[in-house]
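Each of the two complexes below includes chain A, the first together with chain B, the second together with chain C.
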Partner chain A sequence: MRRKIILALGAVALPLLLRNLYVIMFLVPDEMEQGPIYRIFYYHLPAFFTAALCYLTAMVTSILYLVKKDQKYDAIAVSATETGLAFAAVNLITGMIWGRISWGIWWAWDPRLTWALICWLVYFGYLMLRSAIDDPTERAKNSAVLSIFASASVAVTWKAIEWWRTQHPGPVLSIRTGGVQKIDPAMEQMLYVNTVALLLLGLIFVLVRLRQEEVQREIDALRRYAHAMN
Partner chain B sequence: MDERNITFMFYGLAVAWGLLAVYAVLLGLRDRDLTKQLDTLKRMVEEKK
Partner chain C sequence: MTMLRHAAAIASKDLRSEFRTKESINSTLSFSVVILLLFAFAFDPSPDMIVEFGGGLLWIVFVFAGALIVNRAFARELPNDCIDVLVSSPASGASLFLGKATAAFVLLFGIECICLPVFGILYNVTWWRNLSGLLGILALGTWAMACVGVFISALTVNLRLREVMLPMLVYPVLIPAILPAMMLTNTLLTGQPIPSDFMVWLRLLIGFNVMFTTLSVYLAETVLVR
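So, the complex of A and B:
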């Protein structure tokens, strides 16, 4: 059943991603001041939204794990976190490439960028922590606690563009400026369309990763069973 | 318009697609590996029974 859902999601996501790539490359006009480089915006921001949603999912399922002690919540948390890291890497690296042209430098220790990096490192640490603990219950409990604390770094990263006015631009989307239009509505609309495409792709990754987590648990159970038979 | 502007735009889009494609491939490889492990273990347990 899940395989069919993944295939159905893929059948929607892939054409949408390709269509968006075509529109972004050939149809949307250049931004007046920045030129073609601003097109990175259509991946930079949606990748961050997808990563943030993945981390939020991980936080909610981590709380649920601590409350209900059900391993399925731990499986969802790790799947969402790993997917979030992939999208956060897209956000960070596309931002660096954009910055190289717009600011003339690859990286600035500006609060917004620094918090995005801290956030990535904390969640990478989450995966490292998991690989260091063998006992599944201990692993799930410790990583759930870390995931809940790590979600604070997501909130700070989200608010950083409002709290600190530095090199990184402030909020431009009307949903974050209280309806004030800071960019062309067509640009904003295209950004949302690509956000939907990346969110669908993220959902596919989470579902595939979740299935792998379940297979891994089946393998572990079979190993214990085979060991007990000896 | 500076030619580097267009070049870096391509780099940016390539990185976005490339990273996600690499992650998808890694997921596929891990999937294949896990399925193989599971099949082997199932066969082993059946034989022991």
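So, the complex of A and C:
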């Protein structure tokens, strides 16, 4: 059943991604001040949204694991975290490329950039902690707790733009500026459409990774059973 | 009330044990002085440079020293399975955590108070011009370090590579507290009061402490019960 869902999601996501790529590259006009490099923004921001949603999913499922002690939630949490890390890496890398063209430097110690990197490191630590614990119950419990800690860092990242005035561009989406239109409506609409496409892609990655995790757990259980029989 | 009494008992046990053996104090203090010396060799700082990065230098020393202290918080209970006895005692997980964090805070703050004059002598800084403000910021930053460090030390106490894992997990989580502490210490070292545009850093530091102390107290029972 899940395989069919993944295929169905893929059948929607792939044409949408290709169509968006065509529109972004050939149909949407250049930005007045930044020129063509602004197009990277259509992947930079949706990648951040997808990563943030993955981190949020990891936090919710970690809390659910601590409440219900069901390994299923731990499997979802690790799948969402790994996917979130991949999208956060896309967000950071596209931001660096944009920064190189617009600011002339690959990296600025701007609070929002720094916080995005900190979040990445915190969640990478989550994966390292998991790999260091052998007992599945202990691993699930400790990593669930760390995931809740890490989500506090993500909350700071999300709010950082309001707390500091930085060289990073301010919010441009009308939902974040209180209805004030800061970019062309066509550009904003395209951004939302590509966000949907990347969210779908993120969901596919989480489902595929979840299947891998479940298979790995079955193999581990069988291995433990075989050891017990010997 | 009972929770605080238990926490005080655990903190005093940890401090008494530390003052008897002095294993963390001696190593951390000498380590801190060595780092202060190494920075002097690495940068050969002028008085102007020290005004710019004195706070950062101090906090790097404190954070490195802090990892040594918090690493011992639960690790000292591993011989003879003392940790199991502590967990099965009437003290709750929250009081265990608070006691250990308080002991780590006292040790770290003490070491910082010794390092400050050493820093002043080695780098020729009159650090006491706004002493109350400086001690306040040191206390806030140190509590952040003790709170997050001791909590993550409870998570990593049974790991084979805990000496490596602990700093790797603690430092990124701690950056939102250390960054404001560095900025504010830099200002206070010049003897000036905290300017109004730096209040956001102070609020961030206090907010971090409130948020992570609440989270740690709430989750301590889950982490410690095996």
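Everything below uses one rule, namely that the second predicted complex is superposed on the first by the 230 of 230 C-alpha atoms of A that agree within 3 Å, B and C clash if a C-alpha of one lies under 4 Å from a C-alpha of the other, contacts with A are read in each partner's own complex, and residues count from 1 in each chain.
Please note the rule applied: a contact is a pair of C-beta atoms (placed from the backbone, for glycine too) under 8 Å apart; a residue touches a chain by one contact, two chains touch by 3 or more.
As the structure is a computational prediction, the values presented were derived from the model and not from experiment.
Of the two partner chains, chain B (first) and chain C (second), which one does A:Leu129 touch, if any: first, second, both, or neither?
Touch status of A:Leu129: second partner only.
Classify the contacts of A:Met1 with the two partner chains as first (chain B alone), second (chain C alone), both, or neither.
neither
Just to be sure I read the superposition right, which of the two partners does A:Ile219 touch: chain B = first, chain C = second, or both, or neither?
first
For A:Glu138 in the superposed arrangement: first (chain B), second (chain C), both or neither?
After superposing on A, A:Glu138 lies in contact with chain C but is clear of chain B.
Quick one: is A:Trp98 in contact with chain B, with chain C, with both, or with neither? Answer first, second, both or neither.
first
Report the partner of chain A that touches more of its residues: chain B or chain C.
B
Across the complex, what residues on chain A touch chain B?
21, 24-25, 30, 34-37, 39-40, 43-44, 47, 83, 86-87, 89-90, 93-94, 97-98, 100-101, 201, 205, 208-209, 211-212, 215-216, 218-219, 222-223, 225-226, 229
In the complex formed with chain A, which residues of chain C make contact?
Counting only chain C, the residues touching chain A are 148, 151-152, 155-156, 158-161, 165, 168-169, 172-173, 175-176, 200, 204, 211-212, 215, 219, 222-223, 226.
Which positions of chain A touch chain C when the two form their complex?
It is residues 66, 114-115, 118, 121-122, 125, 128-129, 132-133, 138, 141-142, 145-146, 148-150, 152-153, 156, 163-164 of chain A that touch chain C.
Report the residues of chain B in contact with chain A in the complex, numbered from low to high.
Where chain B meets chain A, its residues are 1-2, 4-6, 8-9, 11-13, 15-17, 19-20, 23-24, 27, 30-31, 34-35, 37-38, 41-42, 44-45, 48.
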